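Working notes for the structure below.
Chain naming follows the written order as A, B, C, D and E, and within any one chain the residues start at number 1.
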């Protein structure tokens, strides 16, 4: 099944998009579209898993190595879960959201396989374009739109800077294929090109000091849309980041220092700011920044182990935080809204505890193994002091994650809340996230094995 | 021939404790016959053991020994063992006889107390511990029994724990003796470090080749422990207060056995002390000082039991003097005789207190006429204590004096004679206060048969025991001889002087003696004695109150400072977070918003499209980019 | 060694583009700014032609000068309710300028110091025909082309969604 | 076999979780059954344990995350077998002690059983990451036990406990990974020999990282401030397990990791640990003397007792290390019993203030007797298990070259101060006239006596026959002492 | 002086920086969008210059430019749509401004 058969998962997602666009004509309208989308995404994920690693396509533009397959499967799975939840709990007209989400998934899947600058840029755009719309999905809520506008303008600025950097990168190396970069002779311009290129990627992954858009955008947007935007593209983003880093790191060592600076800044700033948040969306935004910091700490190690750890960690972050955001969408955006949640929905709250524990890094959950391999790579690269910073900040992260747990277990419910309409599919989606957090923790072996050391 | 029945001697009383422990009060009351009979059986066995070890004398192998492994540390076995040798056999007899007398006596004395069962259980446990200590041939087992006795004395002193007095006294006793025990622990560590075993024979045998300071450390430790247990100055403060316990218990513990354990252990381990001569002299000094000081304090006490308590301290001082002079035999012989007549005196005091319903001698008088047997036995005991001729006290004290003369410690002899004189004085003072003079209590009547029986037995032994001196010495393997005539004369003279002074002050008077006239004349010296030489005062303020304040301070320090510092780190982190958040909201945002609001003039509509906050974000982003670019260029360029 | 014709052309076009860019930034009136932007686009098209990218010049004129500029004006017109709204207050910001200048200086220094390996000059530059052929080669740019089409569709869906009238289920 | 001992309680947890709301009261029976079964298994393990060999027994060793070199390896040797048995025993007694818990019982017993999984796992784990997994796993249930069923300031105490231990353990994680990078393995048995090869500079830093992780748990001054809060606020069963088992994970960490793997690191830190240990002994005793809450008094006493264990460890000699293990086990028994007794008193009088309680002996003689017994045992009276640990630790410290003699003498003072605060507590609480609160309170019922009986038996058995415990620990500790050159 | 690659790059950089200034300082959303368009032009010029001088035969730069143009056009279109959406919803929500409208 070599050759263009490799693209079947992408095609399936495309079919999902089409279905969503013509949903009004197809059975089930919004709900049908979401369910179909979820099913197709799930099948796509299965297809990726089944396919063996194929050789590059389109003259090296798309490489289907194990890291790409891991990211494509992960992205498809995440969006499948999200779509399942939307099908159950989505209010109002959600078929456009389904379409846009699937577009973004497609973009992310391509992004993770792209080994050509042009393809990469286009895939990134395809992944982020729908995100702008999803952020401002509720047309009637002006704050939502304003948040989306801010996000859009800042994101456009950073992607233009990235494109400017990539243009220099192409200019200096003469080729757009990532494999072939040799910046040793390029002098200052080469470094500048790399720096500008990474600015865009930093912004996409919401790493400090380019993370400013995330808290405001998350706060303005609908929690269920934020759930998708903040998690699904992250894995692919990490792969793209790592792939570009790998291609330039050898010949431009300064880049790993830049990445290291950004990593430490993200860890400290992210955790520090999250401590004081009362809106869970802003808290998860800042925690996203912090986790990107951890991820980049491993990538900065510029070793095969570091890259694999970074990508695995992105997935280990994405799964629980998707579950948490979906819970936020159900329970309410403020920490107080979680008060007394345990008496209302014990199972869901237990799920939240598991997911938050994984974000903190409590074993035997997937977050712990993510952090373990990550610290191992970072220590291997001699970043002992920075690992200490990472370790301290993850203790701080325990402080603010626990606030949610404390509220849901011991808080007194402020206002009498109408019990949420029980929905099987909704809780199944959350349950899948919780299950994945637990199972992947115990079965970290095969996952890490699958990731292997594709990226040198 | 296997004499394993010897192990029964300590086992029987221990068994009675184990039997009585789980029972309810009523059940214990019904089984009250068990402890005394167990004790009597143990006494019989001790006598049998004594006969079996006759003629004694000094030879390598103990008559019987048994050992068992307690544990393995670093591969080496940690053994415990019992052994029967002449010293042990003799002391066993003494202890069991006194203990049996006390148990029988207690049947009468304690029968009205509803927790009587518990009293007998603990008494039996105590005796078991003492017997095990006597038989022990292993210093670790000795220490274990040593502390077990401490526990039993704590429980017995604090028997009436509803009252404030016994509660405080028991705690004081336990802690003061434990201060002493620390010395024992250090000695054990040094022994294990040097000899690698606690087996007494091996330890003594190898004592020569130890590291230089080791013998000193061990002997100092053992001395300190003995001072704690045998209430020598400065660790004597607990014994007078220990009188708050039941009198028969005091009779057994604070006359015959526990306090004597210190002397016994030092006697056993004397060869080690020989390797640290300085400690021997120190012991002699401590002994002499204690004998004299305790004697003085006994002379001013009004509580009959306190007088006897200080007298015990003083007599133990004498034993320490004997040990200091290097003669274990003299010390052990005095220990034996003292055990008999002091327990007799205590039991007598018990009867007196029951009769006079008070412990204060000033409210007693004229008991002689109504309690003939008690008076007789008590008189024999007092005379023995005073050191009058045919009685046991005279012989054992003289032996100590002869040893001292033989070792040329003339200064100490002076102290000892002075102390003996004092002893004679306060004994007569006590006798006259209690038995002569006007009766102050109504219907004085003789004690019950079960209480008088043991007292007469002890009185009989006190009469006879003196003459056993030389045979006792030979039994222990030393050549025994009668005290020289000169020494005998001197000590009788001293005793006579003491008794005479006693009679002159307190004897032959019709009305109650008032001592106010003497208080003025002796003035502050008298007050010092009454204040027990200010030992208690200094200990209370210095150690006890000091420790209270120190622990209050430590607790406050821990709750506020250490907790604060460590929590502080956490709160500091949150504070910086709040600071950063405020900065981000207020300053960065405010400035820009300020500008935006100013432009409100052009209609609210555009405000919506205002990109106030966005501007500053974009500036921050571009600023970051520019800064990074400069870094790259500068670093590259340089 | 390039002939004077291209030199002059480059000078003019460069001048025009920079002037209109500055014009756009300093224009008080938003509409004038839109026109300046149009001018920059056209100048850029000229430059592309100079750089032997004739197809791109055409694309630039069609896409930017045509569609995008119109869109700009269109949005401005809608959001302007009164004539004077167009006139915006002076919003010159020193920090902005400082940042931009330093950015330019940094890039300029980098470019000057940069070691650029020029490719071998062909005698005839590939024209629109080669561009067209190369575009759809499998090894060439068909994949980016497909992805670009998807991007456009996504943007279309987003734009339609945002501009849809509320209420229609 | 070991996997059963570790994961059997998980079955109980699932059963409790799935219990319908109406049968919540069945939870305690499920808990009792599972912990009893676990205890039986532990008993069989102890019985069939070959004391002579110092090697690991009942080993199961299978791949878990091969890529990262993490293995699922369980095994016990002379050091961990008694600890696993202690944990199994104390958990069953804790279940018995919380018979009257009526607030969300299913959740409560599920947490208790989850705690046992963690505790058994820590002592049985041979792979360092597995060790770390169980080490952290213990945090979550204990957090909930304190936060949900604790006293008035429970939330603060729970958070403080969680963050303190997490901070310590996170440094340990760095140490684990550093070891993996330096020596290439996570397996504790392999690491034991390899550590010596590391340069002493690295060993110094690694020892410091592990020291921080383990010292928080022991606890050692100045990292101990979480202990009094956690103890006072935790429910009885929580305190029993917290003091009985969780504190032992710290010293166990030292004995299993720090000493064998980093001998030179240990040598450079030896004197410092000895000083801290002796300071903890005296400081803990002094502070507990001034406490007004009896539970806080016992909590601080744990600081003092664990100070003896640390002194034993610092000595590095066979006697000292055996002493440390003896303190571990006997402190678990005595303090566990003390907390159970305090729990009984609290169930009746609903107060723990020493001022309010007095005259227990007359009113509730059985409880008073048992409390006095536990106090004398924890005071280190010969013939009871407390003395074994303290005596051997001090003996080992005296022999050890690394520990100065004067330090041991100050340590011996600790024995005196220990007696002081215990007697002072006994005198005010057990003796004297029954206060109005204590008056007409019922004496201990059968369940309570059965809860405490095994502890009394073990305290006496170990006290009289030291080999009951040393038979297990001596081979392992002698080997360790040789490794450390004590 | 040969009209080399540097000249074009300088010009492109100038345009890009100008656009960046606008993006950072302009108040109105539309103006910011236009500044971003200016930056896009700078990027395109940069790419075409590289294509002409570095890879004249393969014309990679030109293809790159084409796609960059498409993408930025799409983005700007979406941006304007967003601006209009805000405008429409704000106008309906701001009752008082409606009044002005009538006046």
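Keep this in mind: a contact is a pair of C-beta atoms (placed from the backbone, for glycine too) under 8 Å apart; a residue touches a chain by one contact, two chains touch by 3 or more.
The shown structure was predicted, so the numbers you read here are calculated from the model rather than taken from an experiment.
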| item | value |
| --- | --- |
| For chain C and chain E, chains touching each | A, B |
| Taking each chain's C-alpha mean as its centre, the one farthest from chain B | C |
| Inter-chain pair with the most contacting C-beta pairs | C-E |
| Central chain (distance from its CA mean to the mean of all protein CA atoms) | D |
| Centre distance in Å when chain A and chain C are each reduced to the mean of their C-alpha atoms | 31 |
| Distance between the centres, which are taken as Cα means, of chain C and chain B, whole angstrom | 101 |
| Intercentroid distance (Cα basis), chain E paired with chain A, Å | 27 |
| Between chain B and chain A, distance of the C-alpha-averaged centres to the nearest whole Å | 74 |
| For chain A, residues that touch 2 or more chains besides their own | 118, 122, 125, 129, 132-133, 136, 139-140, 142, 145-146, 149, 153, 157, 168, 171, 174, 187-188, 191-192, 399 |
| For chain D, residues contacting two or more additional chains | 163 |
| Multi-chain contact sites of chain E, meaning residues that touch two or more partners | 9, 16, 19-20, 23-25, 27-30, 32-33, 49, 54-55, 63, 67, 71, 74-75, 78, 82-83, 85-87, 90, 100 |
| Pairs of chains satisfying the touch condition | A-B, A-C, A-D, A-E, B-C, B-D, B-E, C-E |
| Touching residues (chain side chain A, partner chain B) in the complex | 142, 146, 149-150, 153-154, 157-158, 161, 187-188, 191-192, 195-196, 199, 203, 209-210, 212-213, 216, 254, 258, 269, 272-273, 275-276, 396, 399 |
| Contact set on chain D toward chain A in their complex | 63-68, 70, 129, 132-133, 136-137, 139-140, 144, 147-148, 155, 159, 162-163, 166-167, 170-171, 173-174, 177-178, 180-181 |
| Chain E residues touching chain C - in the complex, by the definition given at the top | 2-3, 5-11, 13-22, 24-28, 30-31, 33-35, 37-38, 41, 44-45, 48-49, 51-59, 62-63, 65-67, 69-71, 73-78, 80-85, 87-88, 100-101 |
| Partner chain B, residues of chain C touching it in the complex | 79, 81, 85, 88-89, 95-96, 99, 102-103, 106-107, 109-110, 113 |
| Chain E-touching residues of chain C, taken from the complex the two chains share | 1-2, 6-7, 10, 14, 17-18, 21-22, 24-25, 30, 33-34, 37, 40-41, 44, 47-48, 51-53, 55-56, 59-60, 63-64, 67-68, 71-72, 74-76, 78-79, 81, 88-89, 91-93, 95-97, 99-101, 103-104, 107-108, 111-112, 116-122, 125-126, 130-131, 134-135, 140-141, 144-145, 148, 151-152, 154-155, 158-159, 162-163 |
